[in-house]
Amino acid sequence: MIGVGIVGLGYWGPNLLRNFAEAPGAQVRGACDLAAGRLAAASARYPRLRTTCDFAALVADPEIDAVAIATPVSTHFELAMAALRAGKHVLVEKPLAASSGDAARLRDEAARRRLVLMVDHTFVYTGAVRKIAALVSAGELGDLYYYDSVRVNLGLFQHDVNVIWDLAVHDLSIMDHVIPMRPRAVSATGMSHVAGGHENIAYLTLFFDTHLIAHIHVNWLAPVKIRRTLIGGSQRMIVYDDLEPSEKIKVYDKGITLNSHPDSVYQMLVGYRAGDMWAPQLDGAEALKTEVAHFLDCIGRQAAPLTDAAGGLRIVALVEAASKSMASRGRPVELDEA
Amino acid sequence: MIGVGIVGLGYWGPNLLRNFAEAPGAQVRGACDLAAGRLAAASARYPRLRTTCDFAALVADPEIDAVAIATPVSTHFELAMAALRAGKHVLVEKPLAASSGDAARLRDEAARRRLVLMVDHTFVYTGAVRKIAALVSAGELGDLYYYDSVRVNLGLFQHDVNVIWDLAVHDLSIMDHVIPMRPRAVSATGMSHVAGGHENIAYLTLFFDTHLIAHIHVNWLAPVKIRRTLIGGSQRMIVYDDLEPSEKIKVYDKGITLNSHPDSVYQMLVGYRAGDMWAPQLDGAEALKTEVAHFLDCIGRQAAPLTDAAGGLRIVALVEAASKSMASRGRPVELDEA
Amino acid sequence: MIGVGIVGLGYWGPNLLRNFAEAPGAQVRGACDLAAGRLAAASARYPRLRTTCDFAALVADPEIDAVAIATPVSTHFELAMAALRAGKHVLVEKPLAASSGDAARLRDEAARRRLVLMVDHTFVYTGAVRKIAALVSAGELGDLYYYDSVRVNLGLFQHDVNVIWDLAVHDLSIMDHVIPMRPRAVSATGMSHVAGGHENIAYLTLFFDTHLIAHIHVNWLAPVKIRRTLIGGSQRMIVYDDLEPSEKIKVYDKGITLNSHPDSVYQMLVGYRAGDMWAPQLDGAEALKTEVAHFLDCIGRQAAPLTDAAGGLRIVALVEAASKSMASRGRPVELDEA
Amino acid sequence: MIGVGIVGLGYWGPNLLRNFAEAPGAQVRGACDLAAGRLAAASARYPRLRTTCDFAALVADPEIDAVAIATPVSTHFELAMAALRAGKHVLVEKPLAASSGDAARLRDEAARRRLVLMVDHTFVYTGAVRKIAALVSAGELGDLYYYDSVRVNLGLFQHDVNVIWDLAVHDLSIMDHVIPMRPRAVSATGMSHVAGGHENIAYLTLFFDTHLIAHIHVNWLAPVKIRRTLIGGSQRMIVYDDLEPSEKIKVYDKGITLNSHPDSVYQMLVGYRAGDMWAPQLDGAEALKTEVAHFLDCIGRQAAPLTDAAGGLRIVALVEAASKSMASRGRPVELDEA
C-alpha cells in the first residue's frame, strides 16, 4: 500500500484526491492547502483524511511515500524539490516547472535518488490520445506530414504566464507522446490584447529533421470552443475532435499518391485517393484514473513513467523557445539537443 | 451596351461567360481559348458567340470594350497588358499577376489610360463578406483584436505555385476589403510533401501597427474541408463559416472587459462578458453576378472598383513576402509602404 | 428554516441531497434508503446527516417539514401519500405516480391538507425551457403551428415501463409548461424489440382544439444521441437542441406569409419569409437548484408550484392514453377534461 | 441507339434532358413543353433538338423509342398512357400517378405491351441508398428493428397535394428498395396550417409482419433543413444524413444484446454493446446519370427496372392509405396485398 499526500486543493487537486482515494494500492494519508475552507471540504468528504496547512509537516510524514502537487506553477520547483529531498515520489501538475533550468534540476534530483518524478500531462492518458499513439506507432498513417492543433475558447486570462504556458502545453505533451521525433526549431507569433498582460493568442510552428511540420493555435479570447487536431500522413489522416461526445477520433483512408513524372525526374505526379472513414471505439475510462494507476505502477516497478521528467523538461524548453520567438515576431529559434 | 470578350474557358471562364451573358448592359461579343473543344462547347450554348483561338484578333475587335481574363496566372501580365494597350477595360482572375513588379506595371498602365482594371477577388462580392465589412466599418466589433482563417481541404496540388498563391489569396483579399489597416510585416511557415513541389501547407501571421494580429492557415492535404474565419474585437466577435448552408455568419456579443486594477496602475482586471448570438440574414445573390454588375458600373462611371489594381498589387506583394519568410522558417519580412 | 428529508439515494437522490444541502432556507435533517452503503456514502459527505433505512421513522420526524422522494415509480404513491398524511410537503420525482387514479388521489390529499405537492419535472426549470416559455407567452412565435421533439439514444432499457413513461414524460412536462392549451386526443405507435419487454421505441401525436399539432419521438435503441425540439409558429420558429453546449435555443425569424388569393376566396397564397436567426443568452444555473428554491418558496408562500400535482396528473393521464393508443397501432384516444 | 423524347421542361425536365443528351446509347430527338420560352432555352443549348408544344406530335414520332415525363402529377396518367399506347417505353417522374387505380392501369398497359415503365425515384440510384441496400441485403444489420426518417425544411407549399405526396414519396421509395418486406398497415397524422390547404406536416408509421417499425416525418414549414434516416438492426445501426457533404452514411457497430434471464423464461436480460463507427466511401456519380443508364439498359435487355411500375403502384397505394389514416387522426389503415 502506497501512502499518498495531496498538495493543493484548488481546481485540480480535488480530482487528484478523489482518484488516489479510489485507486487500489494507494491510501491517501494527508492533504495540504493554505486555505482552511478547502481542507474542511476535503475532510467532510474523506473523514479519515489528515489535513494540514503546513507543507513541511506533510512532507515529513513517514507514512507518505508519494506526493501529488497541484499548486500554481511558480511553486512547482520548490515543493517538488523538497518532496524529492524528503525521499518522496512526486506527481506534479503540468508544466513541470517555470523554467527549463528548474525542470532539469528536478529531473536530476529524482534520477539521483531513484524516485519517480512524473508530470501530470493528463491528455496523454486519455483513450483518444492512446489510440492515436497506437495508430502512429503501428505505421497506420505512413510518413507523418503534419500535426495541426487548434485549442481556443473564451478562457481564463492568466496574469503570470502567456497562453502558450497554459494551453499549448497540452498539445506539446500530446505531440511528445505521439510523435517519434523531436522538434529542432520553433517559430511563434502572438499578441496581447490586455495592457501589461501576456500574450492571449499565439501560433507556434515546430520544425523537425523530416518533412513533418507541426502547428499549434491557442487563444483565450475566441467566441467558440474548438479542440481539434488534424494529423496528416502519407497513408492515412486523423481528425481528433475532443469535443465530440462519442467519435473523438476519425481515421480517413484518403490522401495523395505520388508517381514519377514520365517526362521529368525532378517532378512528381500527384494523384488523389479517397476511401472509407473509420471512428474506432475508445477506452472511456477517466484519464486521471489511468494516470494515477500508472504512477503507482511505476513506483512499484521502479520504472520511468510515460510522462517523465525528461519529457516535462522538453516541453518547458519548447515553451521557453516559443516565447522567445514570439517576442521577435516569428524569428525561428533552434532547440538544443537535450 | 458594353461589348465584352472572354479570354480562357477552362474552369472559371464559363462562369464569367454565363454571368456576362446574363448581365443587363453587357453583350458578350467574343470568346477566346486555345482549345477548340471548349470553344465549340461555348458556341453550342451561345450560338451567336464569335469564338477564336487568336487572342490578338479578339483584342483587336472594335466592338469589344472590355475583356475578362481567366487564364493561368503566368499569362495574366502579358494578356492584361495587351488588352489595356488596346484600350480595353480588364477584369482579371486572381491573383493580378505573378509578381508585384508586373502587378505594378499593370496598375500604372491602366491608370495612365484611365481604364478600369479590376481583379476577380470573388469572395469580396459575397453576401457574407459584404455583411462582415459592414459590421466592421460600423464599429460593431469595437477595436479589432485578431483575424484568424482556416482554409483547408484535399485540394488540387498546383505545380507552378505554392498553396499561398492558390488559397491564401482569398483570405488576403477578404482582409484587404474588411480591415481598415494595412499589414506591416509577415511571418510565414510551411512545408512541401511532394519532392520538387511547392509548399502544400502554410501558415501566415500578419502584423499591423495596432494590436491586431492576423493568421491564415491553408492546406491542400487535409482530410476534411474547413472554411472558417474567427474575427475578434473588443465589443463583439464573428465566426464566418463559409460551408454553413444558411447561417454563414454568427455574431457573438461576448468577450472580455478590462478595468483598472485597484492596486496597480500597470495591471488590468479582466472580466468576462456573455451575451446573445445573432446570425444576420445574408444577400444570397451569386457573388460573380454582383461582381460583374460592379465591373460594368465602374466602366460606366469611370470609377475605381472595390477590388482594384492597387489592392491586387498589395495582395501579390504580401504573397511574395510570405513566400520569402516561409523560405527562412518564419523570419519576419517587413512590408514596404505601397 | 425548512427541515427536509430525502427518500431514496440511488441515481437522482444524491443530486436532491446536494441541492437541498446548499439551499438557503433549508436544512436537510434526514435521509432514507434501503441500501446501507448509500446511507454510509451520504453520511461521509454530510457528517451531521441522520440516516435511516426506515421510511416511517423519517416521516415521523417532527423536525422534517418536507420530503423529497426519488424512488422507483411504483413506490411513489405509497410513499408520497404517507408523507402527506404525516403533514409533510412533498417533492416527488417524475412521473407523479404509476396511474392517473393514484396521481389524482395524491393531488386531492395534498389539496385537502393544504400541502405543497410538487413533481420534479426538472427540465421546466432549465434556462432553455424558461426562455422558450417566455418567448411563447410573449407572443413572439405568433400562433403555434407545431411542437416536434426527438429524444433518442442508446439508453437503459427499463423492465417495468415502456419508453414513453421514461423519456416522453420529459417532453410532455415541457409542453405542459410552454403551451397554453391542453391536448384533446393522442395517437401513438411503437414497438418492442425485446421479447416480453415494453415498447422501446414510440411515436406520439397530440391533437389540440387549434391547428397546433405536437409529436414526440422517443427511442432507447438509437446509435446517436439526439435531443432536439422544433417549435413552429406563424411569426417565428425555434430550434431547441439540448446537446448544444452554448446555443441551446435558436430563434428563426422566418416562415410563411398567407394572403388571400385574388381569384378564389377558398384558397390562400403562400409566400416565404427569410430573416435573421438569434440565439439568446440563457440562464446557466443548475435546473435542480432553481427547482429546489422554487419548492421552498412555494412552501413559504403556500403557493402552487409551476409543476404542481394537477400538471403531474395531466402528464400521467397522457402517458396512459398514449400507451392505450399504442396498443391499437395508433387508434386515437380522446383525453377527458381533467 | 435509343431515340428519346422529353416531356416537360420545368424544374426537373432540364436535368433529364441533360442526362439523356450525355448518355451513351441514347439520342434525344425531341422535347415538348407548353411554354415557348422553355423550348427556346432548350434549343439554344441543344441546337439540333426538335421542340414542340404538341405532345401528340412528339409521341407520334417514329424515331422516338422512349419518353421521359416530368410534368405535374395530375397529368402523369394521361401522358404515360398515351405514350405506352404509342409503343413507347416510359420513364415518369415520381409519383407514378395520382391514384392507385391509375397507377395499376399504367402498370397493366406496360406489361401487356412488354414496354419498360419506370418511375423516376431518383434517390434509389444514389450511392448512399445503393450502399444501404447492399448492407441490408448482406445481413450486416441483422434483424431490422426500425427505419426512421426525417425530411423537413422550409419548402414549397404545393396546392394540389399534401406533403406526403411531395416528400414522403422519397422515403417510401427508398424503403421499398432497401427493406425486403412489405408494410401491412399505416397510421398517419398531420395538419394543415393554411386555410383550405392540404397537410403541410405529417407523420407516418408503417407496420410490418415482423417487429420492424417504420416512421417518416415530413414538413414543409421547418426552420432548418434535416434529411436524416436512422436504421436500427440487431447487429448494426445506420445513420444516413443526406446533407453531409462527404460521410453521408455512418455504420455503428453498437446495440443491445439479449440473453435469457436466469430466473424467468419470459424475460430477457438486455446488455449494451459499443463498437467502432465506419463511414464507407460512396459512389459519387450523379444519381440521375445512373438512373438513365439503367433505364436504357432495361430497354435493351427487356428487363424490369429497379423502380418499376409495381413499386410505383405500391408507393401510391401507401400514400393513399396514409392520407386516409391522417384524415381520421391516426386510425390504422390496412394495406391490401398487391
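A, B, C and D label the chains in the order they appear, each numbered from 1.
Everything below uses one rule, namely that a contact is a pair of C-beta atoms (placed from the backbone, for glycine too) under 8 Å apart; a residue touches a chain by one contact, two chains touch by 3 or more.
This is a predicted model, so every value here is computed, not measured.
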Chains in simultaneous contact with chain B and chain C: A, D
Farthest chain (mean CA position) relative to chain D: A
C-D against B-D, pair bridged by the larger set of C-beta contacts: C-D
Euclidean distance of C-alpha centroids - chain C vs chain D, Å: 39
Distance from the mean Cα position of chain D to that of chain B, given in whole angstrom: 42
Junction residues of chain D - those touching two or more other chains: 224
Complex contacts: residues of chain B adjacent to chain A: 145-146, 148, 150, 152, 154, 157, 159, 185, 187, 189-197, 201, 203, 205, 207, 211-213, 215, 217, 219, 221-224, 230, 232, 234, 237-239, 250, 252, 254-256, 258, 266-268, 270, 272, 325, 328-332
Interface residues, chain A side, partner chain C - complex: 44-47, 224-225, 243, 245-246
Chain D-facing residues of chain A, complex: 246-247, 253, 274-281
